[in-house]
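Down below are the structures I want you to see.
Across the two complexes that follow, subunit A remains constant while its partner is subunit B and subsequently subunit C.
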Partner chain A sequence: MTEVDPYKILFEQDIKSASNIPSVTFISNVDDFLKDKVIDEVFNRLQEAHQKYKYYESKLTNNVSLLTVRAKQLQESLDIVERVEKKKDDTYNVQYELSEGVYSSAEVKEPKSIYLWLGANVMLEYSFEEAGEVLRKNKESVDRQLKETIQDLGFVKDQITTTDVNISRVYNYDVLQKRKQKQNKGREEEEEEEK
Partner chain B sequence: MAEPAQQQVNLATLSLEQLQLVREQVEEEIQQLSESIQQLRHASNKYLEAKDAMGGLKGTEGKEILVPLTSSIYISGKINANEKVLVDIGTGYFVEMGIDQGQGFSTRKVQLIQEQVNKVQQAITIKRQNLDQIMQVAQGKLALYKQQQAQAQQAEK
Partner chain C sequence: MSTKNMINKGEEIIETEVSADDQKLINLFGRLNNRKHELLREKKVKQEELEKATDANDDIFLVDDEDTKFQYSMGEAFLELNKEETEEMVNSYISKLESSIEKIDQDLQDISDKHNELKVILYGKFKNSINLEE
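And now, the complex of A and B:
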């Protein structure tokens, strides 16, 4: 099974969002863009969008770590099932955790089935092949979710950068405008005094 | 116990803002000590649980159980205790001992923790006393300040 590194997508151009996160357009010409808009309103909208993207980013980063942990656990469970299956005609002793810090011994004799805890107070008995199947299916689902979440994360990071650039360009334009207005005002007052 | 006396002298010479800072510091220390007590109680509970679990093992030789291999995988097996358990005594060491000895170990741990809890409790009481002193001095200063202001206003009239 060729494992593609799900993080590779972060280095590609033009990542698309795997789920429906809105994208933001880059303001190429600030003057045109601001012609029919009030600059404070534009500013507020951009800041809002920035905050939303930041929130998305933290949520997605959380999910990535959760999913990575879960994928690792599923892989370990899969390995354990395979090992137990190999020894299914043996009789051996197991030291199991009776309570935290206390272990007790038990004898396992020619096991034919194992029990999987599926959550929500549900436990099922499976044969070794079936248990392997269930765990493999779960792992595939987790892997897929991880891939999509990483893709979304890359997309959101792009949007944050674009929004940042937009904000600074609008802000600089605004500063420039205000300075021009001041200069013009200063010149007008000078002309008035000369008269 | 020169500490409280020392602080008394210092407190009187501090301004209101400085008293506020000292008060916040002491409150933070109390908070941290309370958290320590909680953690100690938590650890103590774990040892109590372990003790009960060991007690439950007595007389169960040969009984069938579901043996946990991980937190979500179990396998059918028979108890093979010989009435002996493996106990984690810390720093990565495990000792095989009889159930009674294991229970004795847990009891001693619980006692140890209880002693620590008592010590921390004492420290908290002392800190609370300090806090009361600070509040008293602060209130005294505030009353004095108000009095001075009232006098100043009267002088202006």
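And now, the complex of A and C:
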């Protein structure tokens, strides 16, 4: 099984949302865009969008770290299953945790099977092959979710950047417009004076 | 840490239209920038782990008694292993860490290459009306 790097997607020029998160509209022409719009309203809308995506971003970042931890734990479990299987003809001691910080010793004698905690207070006995299979399957699903979340996070980051740029462009446009008005006014006044 | 078009309050505002393609490049820059900082954090953690593992390896080496049993932490339990087995486990852990650090370095290099490429294009077009923070 070859490991696919879930972060590779971030190098792509165009990134799409894996779970249909709406995208922001890129302003192709500020002049056209601002026609028949009140500038303060435009600003408010852009800020709102910015906040919304920031919220998405923190949510997704959180999910990525949760899933990364989950994948790591599953890999650890897989390693343990593999290790115990390797030692299935041996007898050896294991220290296991009874309660927080309290350990007891147990002798493992030629283990034939292994138990997986499935959740909801259920534990099931598995052969080593089956246990590995179950864990691998779980890990595959976590890896897939992780990959999608990373993709979504990349997408959301793009939306934030686009919104940032939109805000600066509208802002710059506004400043420029006001400056032009001022200049025109100044010129008019000069002309007045000349008369 | 974000990539942003600087809001120019200053005297000069250069009117350069941002095209949809430019926007994509800016997005790519920002996205990779985020990843870069993540990778740097990850690298630091891995390096610390590696240091600990190397220390452990040295300590195991110092144990003279070949019959000493080691408690190898696995999940929530400890596995009792002899010296040889423990060394094998620690060494494989170390090489795993080393290769993942190598991978991080490679990724960082890739990002830096891409960043330089994008900087040439974007600074070339927008001059100092864009600020590509890292």
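Basically, the second predicted complex is superposed on the first by the 174 of 195 C-alpha atoms of A that agree within 3 Å, B and C clash if a C-alpha of one lies under 4 Å from a C-alpha of the other, contacts with A are read in each partner's own complex, and residues count from 1 in each chain.
We take it that a contact is a pair of C-beta atoms (placed from the backbone, for glycine too) under 8 Å apart; a residue touches a chain by one contact, two chains touch by 3 or more.
Because the structure is a prediction, the values reported are computed rather than measured.
In the superposition on chain A, A:M123 makes contact with subunit B only, not with subunit C.
When the shared chain is aligned, subunit C comes close enough to touch A:V175, but subunit B does not. Of the two partner chains, neither subunit B nor subunit C is touched by A:E191. When the shared chain is aligned, no partner comes close enough to touch A:E110: not subunit B, not subunit C. In the superposed model, A:V81 makes contact with subunit B only, not with subunit C.
When the two complexes are overlaid on their common chain A, residue A:D164 makes contact with subunit C while staying clear of subunit B.
Of the two partner chains, subunit B is the only one that A:S99 touches; subunit C does not reach it. Shared interface residues of subunit A (contacting subunit B in one complex, subunit C in the other): 76-77, 80, 93-97, 103.
Within the complex, the subunit B residues that touch subunit A are 46-47, 49-50, 52-54, 57, 65-82, 84-88, 94, 102. By the touch criterion stated above, subunit C contacts subunit A in their complex at residues 2-9, 13, 15, 17-20, 23-28, 30-32, 34-35, 69, 71, 74-81, 107, 110, 114.
Considering their complex, residues 73, 76-77, 80-81, 84, 93-109, 111, 113-118, 123 of subunit A touch subunit B. Residue ranges of subunit A in contact with subunit C, taken from their complex: 7, 10-11, 13-15, 26, 28-29, 76-77, 79-80, 83, 92-97, 103, 154, 157-158, 160-162, 164-165, 167-169, 171-172, 175-176.
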